[in-house]
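Look for chain A in each of the two complexes below; its partner is chain B in the first and chain C in the second.
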Partner chain A sequence: MEPIIQINDLEFSYTVEEDATPIPLFQGVSLSIEKGSFTAILGHNGSGKSTLARMLNGMLLPDGGTVTVNGMDTTDQDSQLAIRKTVGLVFQNPDNQIVSSIVEEDVAFGPENLGLPSDEIRKRVDHALQAVDMLSYADHSTNRLSGGQKQRIAIAGVLAMNPSCLVLDEPTAMLDPKGRKEVLDTVRRLNREQGITVVLITHYMEEAALADRCIVMEHGRVLLDGTPNEVFAHRQTLEQTGLTMPAACQLAYELQDMGISLEPFPLTEADCIAALEKTLSK
Partner chain B sequence: MLNDITFGQYYPGNGVIHKMDPRAKILFTIAFIVLSFIAGNAVSLLLVTFALGAVILLSRIPLKMYLKTLKPIIPIIILTSIINALYVSSGKVLVEWQFITITSGGLLTAVYMSTRIALLIMCSSMLTYTTTPTQLTDAIERLLSPLKYIKLDVHSLAMMMTIALRFIPTLIEETEKIMSAQKARGADMENGGLLKRIKALIPVLIPLLISSFRRASELADAMECRCYHGGKGRTRIKKLHMGLIDLVSLIALAAVFVGVIFANACLSGVLYSLFIGGVL
Partner chain C sequence: MTPILSAQNLHFVYGEKTPYEKHAVTDISFSVMPGEIVGIIGHTGSGKSTLMQLLNGLLKPHSGTVIVDGQNIWQDPKAIRQYRFQVGLVFQYPEYQLFDETVEKDIGFGPKNMGLSEEEIRKRVLRAAEMVEFPPHLLPKSPFDLSGGEKRRAAIAGVIAMEPKVLILDEPTAGLDPKGRQTILDMIRAYNQKTGAAVLFVSHNMEDVAALSQRVLVLSRGKEVLFGTPKEVFSQPDVLQQMSLDVPIATRILDALSQKGYALQKGIYTIPDAAKEIVRFMKEGDRHAQ
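Up next is the complex of A and B:
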């Protein structure tokens, strides 16, 4: 598989005040995100996840090293629009990403900025709304929607630009369990059915367990990187960084401590139930 | 309390008024309001009222929605009525008590004024009910576009209006949240003199201001991520297009206009003698 996003020796520091010494965050991070993959990024508050997300579409530019999207360097001014079109960013607070008062007009905002003809915008808006299952809300007011619906509109707004990659920075953090499920299901469907590359930043281990790949960050470094199975196998490291495991893993580890091992090692609730039944029936 | 504000809310629909070009709607609304103030007697004012009634019917929005917008301005109507009734003196004297004199002409002016204010409010809510905020700001952008030549950034102005309209409900909701939070901490917002109540608002307004700045910065980021780079080269999902409906409404409006002028000129003398001189 070829990478869609390639990060090489990324260096970055925040300058809080003028003249103050910059606070280094990334000191040589290298990563590559493969086309069509579903990557979850985990990490404690302040570990640099949001900063990394903003690096991926050129909202922030590296101090050293390179970030390339489909071969385009994010520091290249001329490719800026093409990069933002390729990598769509969805933020945490759905309220602060919606520009218009009417659903379809908001979703049209991106394509309108790209200068597309009206009928093409119409097509894309309908398509994007369909993809997030909100087509019947096209002429509704954006203010009257639930959090999960608003976040799906925000996703549709990015989808309407036809991105190949979707980066979501804690899109479910402000939602109730129902809204979280709506958004997560939508994102997974987009990844599976439309082949859109997904980078999901999250605090919820259960969400990370659904990804193909998990990256755990700490203090601007990549601490762990691998499939959810591989990452959650590092029980000690995870516990030291203060990340809680998915409830299913937690249970499996505690059973392991008591001498009962579940096979195969469960990551999700459903797997856990299956594994428990299997173990119990023995 | 803050939830009463219905003015400025789009009401989804598919009627002819919804389909009109927003530019035409804005211009017609202005013309209509001017017309209701030109209308100088009962007949011409009735004509304007009927015309608005027809538009309200065509808009396929329940009358209830229009009447709702009148509620908050009832005090204004009452106040202007009282002032008009007291200060305009013409026609027969109806009541004379100490320094108060109410004349038939004053009463009539009061009724006319109230009708005009009601027409003005209903007419503008018709505009905002049938036009989405984006269409509205788009139309304003286009109508004001000649101002580009005097170096006015019309696009930014329109974008600011879109965002303002989008965030008004959000900020109202947030204000209510903060108010409840402060009340839960023992803040007293309802009692005391004016100064005390204004002071009680400070702990509401400061968090609101801070959060608005945060929102603004997040929104700017989100807009930039969606390739926003000013008005240059931007297209719109709905092209503004003047069509048959707009032409027909222009003709209808012209007819009402002529009717009002005619009624004003021919009838005012007759009516005046009839109502004020004779009957009353």
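Up next is the complex of A and C:
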């Protein structure tokens, strides 16, 4: 598989106050994100997850090293628009991302700024709303939507730009369980059915367990990188960084301590039930 | 023992006699004992936030009474303000409500409004800061220079500094990372144990509710559906799921196995207890008992 995003020896420091000495965050991070993959990025607050997300479409630029999107360097001014069309960002707070009072106008905001002809905008808006299952809300007012609906509108707004990669920075953190499920289902569907590359930053281990790949960040470094199975096998490392395990894993580890091993080791609730059933029926 | 807080037949309507009329709270009655921790769950729009505002007199019920420490809070409407000090309310994302020049002034705002002396205010600010493990050297800083977790703790300290008899928190852990969540939960428990204040908290996270609450109040469409110990509430997963509420994952896993014919105990809601129950079941071997 070829990478859509390639990060080489990334260095970045941030300044808290003016004139203060910059505090280094990334000191030589290298990563590549494969086309069509679903990657979850984990790590506690301050580990550099959100900064990394903003590096992926050139909202923040590296101090050293390179970030390339489809071969285009994010520091290259001429590629900026192409990069932002390729990689779309969705943020945590649904209320901060809505710009219009009507759903379809909000989704049209991006393509309008691209100067597209109006029939093309219409097509893209309908497509995007369809993709997030919000087409029937096209002429609704944005301020009466639930958090999950607003977040799906935010995703539609990004989809209307026809991106090949979605980067979502804790998109479900402010939502109730129902909203969280709506958003997560939407993101998974976009990845599977439309082949959109997804980078999902999350605090929810249950969400991370559904990804193809998990990256755990700490102090601006990649601490763990692998399939959810590989990453959640590092019980102690995860506990030391203050991250919890998916609940299914916790139960499996708890049982393991009591002398019962579940096969195969479960990450999700469904796997856990299946594995327990197998063990109990023996 | 007499309850520290009790709600009797509370009823509240938004936009009464308009096309938007909405019965947000319908006939809710429950009591909270001194020192008790009560978790409140219910999906969005179930009336949780309205109820919280009724409990400290920010909203006046259309009918029914709220009794704090033996007093009907609306007996004398002019005296309602004192009940807002006695029942401290921490809103959702309280960090957005920080406003003062320094953290110290911000935490001291409540006590100042209570008309306390400078010296007493200072004492309470320090005590509240210690309670939420807020580093004292950050007190002279602007609240806007703090990290997200620090801001949240400073905002909670601002309510704690009024030393309310009942502390109510609306989704205190929303949006925090696992470590930040744990810190807030530990803090709530410690505050409850040290001061003996009753705590009510709203949460969407069933694991948090299971870990912290002595009793759980379940709301749906403005009505009280269940009120009991976590064991009692979580042993009725059908009722909760009907209201599209989650049950703790440990409960869900054991229930799924029960439905497949393994006679596991109902009402288990923590991971360690679930593991113990599975081990017990395997040892005793009473398979397919149902």
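Methods note: the second predicted complex is superposed on the first by the 282 of 282 C-alpha atoms of A that agree within 3 Å, B and C clash if a C-alpha of one lies under 4 Å from a C-alpha of the other, contacts with A are read in each partner's own complex, and residues count from 1 in each chain.
Definition applied: contacts are C-beta pairs under 8 Å (C-beta built on N, C-alpha and C of every residue); 3 or more make two chains touch, one makes a residue touch a chain.
Since we're looking at a predicted model, the values are computed, not measured.
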item: Chain B versus chain C as contact partner of A:S164, first or second or both or neither; value: neither
item: Which of chain B and chain C A:M59 touches, first, second, both or neither; value: first
item: Contacts of A:E104 with chain B and chain C, given as first, second, both or neither; value: first
item: Partner chain in contact with A:L255 - chain B first, chain C second, else both or neither; value: second
item: First (chain B), second (chain C), both or neither touched by A:D176; value: second
item: Contacts of A:T39 with chain B and chain C, given as first, second, both or neither; value: neither
item: First, second, both or neither for A:T74, with chain B first and chain C second; value: neither
item: Interface residues of chain A shared between complexes with chain B and chain C; value: none
item: Of all residues in chain A, those that touch chain C in their complex; value: 16, 44-46, 92, 146-147, 170, 173-174, 176-179, 203, 205, 242-244, 247-248, 250-251, 254-255, 258, 260, 269, 272-273, 276-277, 279-281
item: Partner chain A, residues of chain C touching it in the complex; value: 43-44, 145, 147-149, 174-180, 182, 204, 207, 244-246, 248-250, 252-253, 256-257, 260, 262, 271-272, 274-276, 278-279, 281-282, 287
item: Footprint of chain B on chain A - complex, ascending; value: 57, 59, 81, 84-85, 88-89, 91, 93, 95-102, 104-105, 108-118, 121-122, 125, 139-143, 154, 157-158, 161
item: Chain A-touching residues of chain B, taken from the complex the two chains share; value: 9-10, 12, 132-134, 162-163, 165-166, 169-170, 214-215, 218-219, 221-229, 233-239
